[in-house]
Amino acid sequence: MLLEIKNLHVKYGNVEALHGVNIQVDEGEIVTILGANGAGKSTTLLAISGLVSVTSGQILFRGDALHRMSADKIVRAGITQSPEGRRVFSTLTVRENLNLGAFTANDPGRVRKTLGWIYELFPRLEERREQLAGTLSGGEQQMLAMGRALMANPKILLLDEPSLGLAPILVRTIFDTVREINRSGVTVILVEQNARVALKLAHRGYVMEVGNIVLADSADALLSDADVQNAYLGGKK
Amino acid sequence: MEEFFHQLTNGLAIGGIYALIALGYTMVYGVLKLINFAHGDLFTIGAYLGLTLLTSLSLNQYLGAFLGVLLLAVMVMGLVGIIGIILDRAAYRPLRQSPRLSAVVSALGASIFFQNAVMLIYGARYKFYPQGILPRIALNILGVDIPLMRILILLTSVVMMVALYLFIQKTKVGTAIRAAAIDQGAARLMGINVDRVIMIVFLIGPALGGVAGLMVGLYYGQINFTMGWVYGLKAFTAAILGGIGNIPGAMVGGLLLGVIEALGAAYISIAWKDAIAFCVLIGILIVRPTGLLGERVAEKV
Amino acid sequence: MSLLTLNKLTKKFGGLTAVDNVSFDADAGSVVGLIGPNGAGKTTVFNLITGNYQPNGGDIIFDGQSVAGLLTHKIVSLGIARTFQTIRLFQNLSVLENVLAGCHCRMKSGIFGGMFCTPAQRREERDALKLALRELEFVGLRQDAEQLSSNLSYGNQRLLEIARALATKPRLLILDEPAGGMNEQETDSLIRLIRRMRERGLTILLIEHDMGLVMEACQKLVVIEYGKKIAEGHPEEIKENPRVIEAYLGTDEDE
Amino acid sequence: MQNLPKRYIVYGILTAVLLCAPFFLNRYWVDVLNNVGLYAILGLSLNLIVGHTGLFNLGHAAFYAVGAYTAAILNTMYHIPILWLLPVCGITAGLFAGLVARPIIHLRGDYLCIVTIGVGEIVRIALINNVFDITGGANGIFGISRPELFGMKIRKPDEFFYLIWFFVAATIFLFHRLEQSRFGRALNYLREDEVAAEGSGINTAHYKLATFMLGAAWAGMAGNIYAAKMTIISPESFNFWESVVMFTLIILGGSGSIPGVLLGAFLLIGLPELFRGFANARMMIFGAAMVAMMIFRTQGILPPLPRKFPIDKIPESEGTP
Amino acid sequence: ADTIKIGLMAPLTGKWANEGQEMKQVVDLLADELNAAGGLLGKKVEVISEDDAGDPRQGALAAQRLSTQDVVASVGTYGSSTTEATQGIYDEYEIIQIANASTAVRLSEKGLPLFFRSCPRDDEQGIVGAKTLIKAGYKKIALLHDNTSYASGLATEIRNELEREGVKPVFFEALTPGEQDYAAILTKMKGANPDVVFFTGYYPEAGLMLRQKKEMGWNVPFMGGDATNNPDLIKSAGKDAAAGYMLVSPPVPGDLDTPEAKAFLDAFKKKYTGQPGSIWSVLAGDGFNVICEAIQKAGTTDTKKVAEYLKTQMKDFPGLTGKLAFNNKGDRVGDVYRIYKVDAGGNFVLQQ
């Protein structure tokens, strides 16, 4: 087991957003988390990255207690995230943003190589490498957020709605990329509104409802599950 | 012409002090978007601590004037830096998630606290640095006698500015500082230890203020527990003038403010010099709303 | 009859021409979609129409009158309202107050009316409240009127933005990626909402990457790439346009 | 909903206690209350600008000064009864604010802050330097006559108490209504998000200027009362520190909230008086208390309550609007 | 009550906190001595001190506070503008006020029956200052003040006096107090090429200017008013730079040679170590003493009678700063002003 979330509770102020979430991720998997708006998907990812504090429960990464580590240590351990809302460094240039993605890396050669690969993946970013990230278009920022998360060559990549605001052609590129990096050994946890695509890509999926996991199964099983179809796949199509 | 040049040097000298204090202001502001109104009082504390250390350790007697003062400066910087960190822990950190103006009020409270604490500890009377710690030589430049100390102050702030600029722009910690300044959450996601970044900022910023206090004490000789308020305000003005959060901006703003004051006093009116300086500031901001060197703004609708 | 006409509109950012000689028009009562790859300049076109940016060239004619270069609030009062690509609600205010913001430009009372509660002012307040609640009802958020807007779910926040825009009594409504972040169910109800708005006589101009929505909701599509218009026409035509497929849609290898 | 009446009962009792204060407090404490009242007016006026509109103004003392000096000059030179000058003071301060704010109103956050500080300082320096030869320089203006109301001269603290607190009450009444109106909401919109406000059809530049002028006008009227109370005014009474106090009491009490501002005025003006026993450590303790209160209640002690609307009175409709 | 209450209004905090705190020390000491010697009219004297923070509004509050505590008289305060803000209050409550350092002329020109001061007035100082300047033969005189109400008033008095004698100052401007760098001002003043500079402001600025002027290599003589009468001036300027500085002032504490003064200085030294730095605090002591004396002699705490005694019957009261008596306006009579010069050793040396 690479990552194990046990009975995770998270509170915002006095309101509990997660009421005991259990998720397991094996090495080399793509796991997707589905759920309606406000179900707690992003909160789960933020908890893994150490950006929200855990009220109770455990998050174990190869047996290490992530929930007691500070956010920067978690990144150093090899878990990066392309967060909801992109959160690019708006007054830094595209290149500076990407370099920050590799903040924890200490092999300059490898960093350069990764950068080249990201520019290949998103030529637009290379075109705009000196532009301030805040002035990029919505979709361009999304590319940057993803590229930035990849710069650290993570072991686990957390993607929170990576296709948001992307043109159809790019959505495909993104998912192809996810598949590709997964094949190269990176474990991926994917949160997506576009449930159909996500399930096609993922090995396994979890369904969340108001802070609880209500379903967990293989992606294929979920795709054909009637409830899931009604709730997240817009009925039969 | 000679008078003009003389006034220019007067302005640059005082501007050098403004710049040095403004650097610390700008650093803290850059990361926390907090106007640290207590910064001026950290400057005061630097001046008082400098005096205490100077008279109690007599470093200059054992080490000679320059080395002694250098060591003194390092000690003052360290101590004031530590006070800065404590200040952050106690007064600012609990307010990180709250409205910005709440932190401003906390800063004002801290300022009142420091100012009166200094008064309680050292008394309300003026305090005086012993004379002749550093040799009082004047250099004759273009027919004007310029005291060595003034050149030293100016030089120190330029050196500090360049060092700080390189540190922020070129080093890894500097990059982390810049990232944390924009979005602390995102910075964490990059693996940056934001708490440590803030601690470093609160070490460097106040340390710069403290060393400015020491220099003011050494040069002007006379210190007082309320002096930080005036200097703090001037430094804040300087930082804004240059574009707050911008390190070379603080330098440019500080020097410019000093020069405007000196020339305003010389050629318009002494009594109106602060008003003149503010008028120039307002004029500049009308034309350049984010200061001379400006902030990087990237707001997209 | 066209309500909005863009005429050779151009916008440059430094060396970059984000919108390059774009012309098209939107007929009154129609739904027009603006699509194109990321960074093509779609949002920029919207920002030009609503006065957030000033064009470097060309003209924008709304209802026979040029609106290029006018201030945003002026344009809103002429009858153009918008939503934003990244949601921009008044986070710390209630849902109802957010919609009342839209009512603002159709109201008149000022400082003294407010301080002294003149009868005219009270009447006006009441009417505004009525209108705001009706619009909330229209988008289906009336029961949340007293909630803090930031407590709404993402999809509902988008709907609230629409309600706020509707409260300005616009004739042209501009929606920037209204379905972004919505799941398929929510998207479906958004399509129904767009249809109902059209039935109210509104003209709608929208940007969207969700092709399902675009195909169902729009009567006409305008495609831009690198700031230039590359195609314009009926959705079915556009779908088959090889240039659009290459630049934007991509080929479906999966299905 | 249910605790609404309870809140009003508390307010009612507090008001009654306050009204009787001069009967059981000595003159010194009544005078302290007068100062509290004065700062409450100033705080409420600044609250429009800082609390509601979110403009960072640290130079409010300038407008206060303009009002006070207008009153003092016209009263001592032309012997116009000082309370008659109330509207004049408001108008001059408001116009002055309009004049200076116009070119700078577009500045963001801290840039606006330093400019308002600058305006405050420029005004103070101008007063000290006896600008136009009418401000009396550093001495200020003395010999301002006492106000007269219904043939009664007001001179004792108890008498001022009712004058000042009547003014406070009127201010609360009017500003409360303003908060609930279109104007008040518009200010909040532009505090929350200027771009969205403009995009919703609100003329943000206009409202910023209007709130500045209104707040300044009110401070100007407070200046009039101050001049009447002190009978002597000098530039030092309008220094930067005054602006800081006004600003602080708002944030401490609860930015944008009328009860908050009132409480802030009580705390900020009253507390140092209570600490008098600590002699030299007084202000140090006060500074620490400021920090502690801010940490304890980061949104201010009484943050504003959400607005209420008579939603229930409006029936759900049938069709489309 | 079984005590007689005397108020002390002083800037215990704020810019002039050092002056105020010393005022309190002096008055407390005198009260202790008095009580040890049996008190007043058989009762103990109680000193109630209130802080005016050197600020008019705070001063008004302090005055209200004292008034409600039934003090017979209030000693203080330092700044004229603060005193002015409190005059009406004391007048209303019929409390005697005796200012110790508020030298502005108009304070005693209002005809308030219970207002006194133990310090001299600025017009007197202006005359002495101008005379000294002229006697020394200076023709090109620069006048500099600091825009406080005291200093600008004094500067104007001197200018008027000089102009009456046909001398027009070559320079007349104000600096901003509380700063540390006055090089720009000195440079500008140097451009006017005066024979002498008379600075009417306070000692911290004077000290800094002396030092900076020396550093600039400009050796014009400097003179100042009584606000520079403070030993800290020497510390600030340094002995070298201060040497030759002249000032117009009531005598410094160390020059008080009456037996009363000597005894007082000894007692002060014993209690607080060191000498009082400021003459103004000693004048507060005189204020306290004359009030007590008047109460004792008038045999009552009725303020009207006490004031009456002070104005008509008190003659040559042996105060700490010399003989005291008051005229009908409540001003101290007799010339108090002296000329001092700083010698090479940094001492204030009384001239003539």
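Lettered A, B, C, D and E in written order, each chain numbered from 1.
The criterion applied here is as follows: a contact is a pair of C-beta atoms (placed from the backbone, for glycine too) under 8 Å apart; a residue touches a chain by one contact, two chains touch by 3 or more.
In UniProt terms the chains read A = ABC transporter; B, D = Branched-chain amino acid ABC transporter permea se; C = ABC transporter ATP-binding protein.
Treat the numbers as computed from the prediction; the structure is a model and nothing was measured.
**Student:** What is the shortest path, in steps, from subunit A to subunit E when you may only step between chains that touch?
**Tutor:** 2
**Student:** Trace the shortest chain of touching neighbours from subunit C to subunit D and give its length in steps.
**Tutor:** 1
**Student:** Sort the other chains by how far their Cα centres are from that of subunit D and give me the top one.
**Tutor:** A
**Student:** If you average the CA coordinates per chain, which chain's centre is most distant from that of subunit C?
**Tutor:** Farthest from subunit C by mean C-alpha position: E.
**Student:** Take the average of all CA coordinates in subunit B, do the same for subunit C, and state the distance between these two points in whole angstrom.
**Tutor:** 48
**Student:** Whole-Å distance, subunit A centre to subunit C centre, using C-alpha means?
**Tutor:** Those two chain centres are 30 Å apart.
**Student:** Based only on mean CA positions, could you tell me how far subunit C sits from subunit E in angstrom?
**Tutor:** That pair's centroid distance is 73 Å.
**Student:** Please work out the Cα centroid separation of subunit B and subunit D, and write it as a whole number of Å.
**Tutor:** Taking the average C-alpha coordinate of subunit B and of subunit D, the gap between them is 32 Å.
**Student:** Enumerate the residues of subunit E that touch no fewer than two other chains.
**Tutor:** Residues 13, 21, 147, 174.
**Student:** Where in subunit A do residues touch two or more of the other chains?
**Tutor:** 135-136
**Student:** Which positions in subunit D are in touch with at least two other chains?
**Tutor:** Within subunit D, residues 128-129, 195, 280, 282-283 contact more than one other chain.
**Student:** Across the complex, what residues on subunit E touch subunit B?
**Tutor:** The contact residues of subunit E facing subunit B are 13, 15, 17-18, 20-21, 147, 173-176, 178-181, 183-185, 187-188, 191, 204, 207-208, 211, 215-217, 232, 235-236, 238, 277.
**Student:** Along subunit B, where are the residues that touch subunit E in the complex?
**Tutor:** 3, 6-7, 10-11, 13-14, 17, 116, 119, 123-126, 128, 131, 136, 138, 145, 147, 216, 220-222, 224, 226-227, 230, 261-262, 265-266, 269-271, 273-274
**Student:** With touch defined as at the start, can you tell me which subunit A residues reach subunit B in the complex?
**Tutor:** 49-51, 70-72, 75-76, 80-81, 83, 87-92, 96, 99-101, 103-104, 132-136, 148-149, 152
**Student:** Over in the complex, which subunit D residues touch subunit B? Could you list them?
**Tutor:** Going through subunit D, the ones touching subunit B are 50, 56, 103-104, 106-108, 110-111, 113-115, 117-119, 121-122, 125-126, 128-129, 195, 240, 244, 247-248, 251-252, 255, 280-284, 286-291, 294-295, 298-300.
**Student:** Write out the stretch or stretches of subunit C touching subunit D in their complex.
**Tutor:** Checking each residue of subunit C against subunit D gives 50, 52, 71-74, 76-77, 81-82, 84, 88-94, 96-97, 100-102, 104-105, 107, 109-111, 113-117, 121, 124-125, 128-131, 133-135, 137-138, 142, 145-146, 148, 164-166, 168, 196, 199-200.
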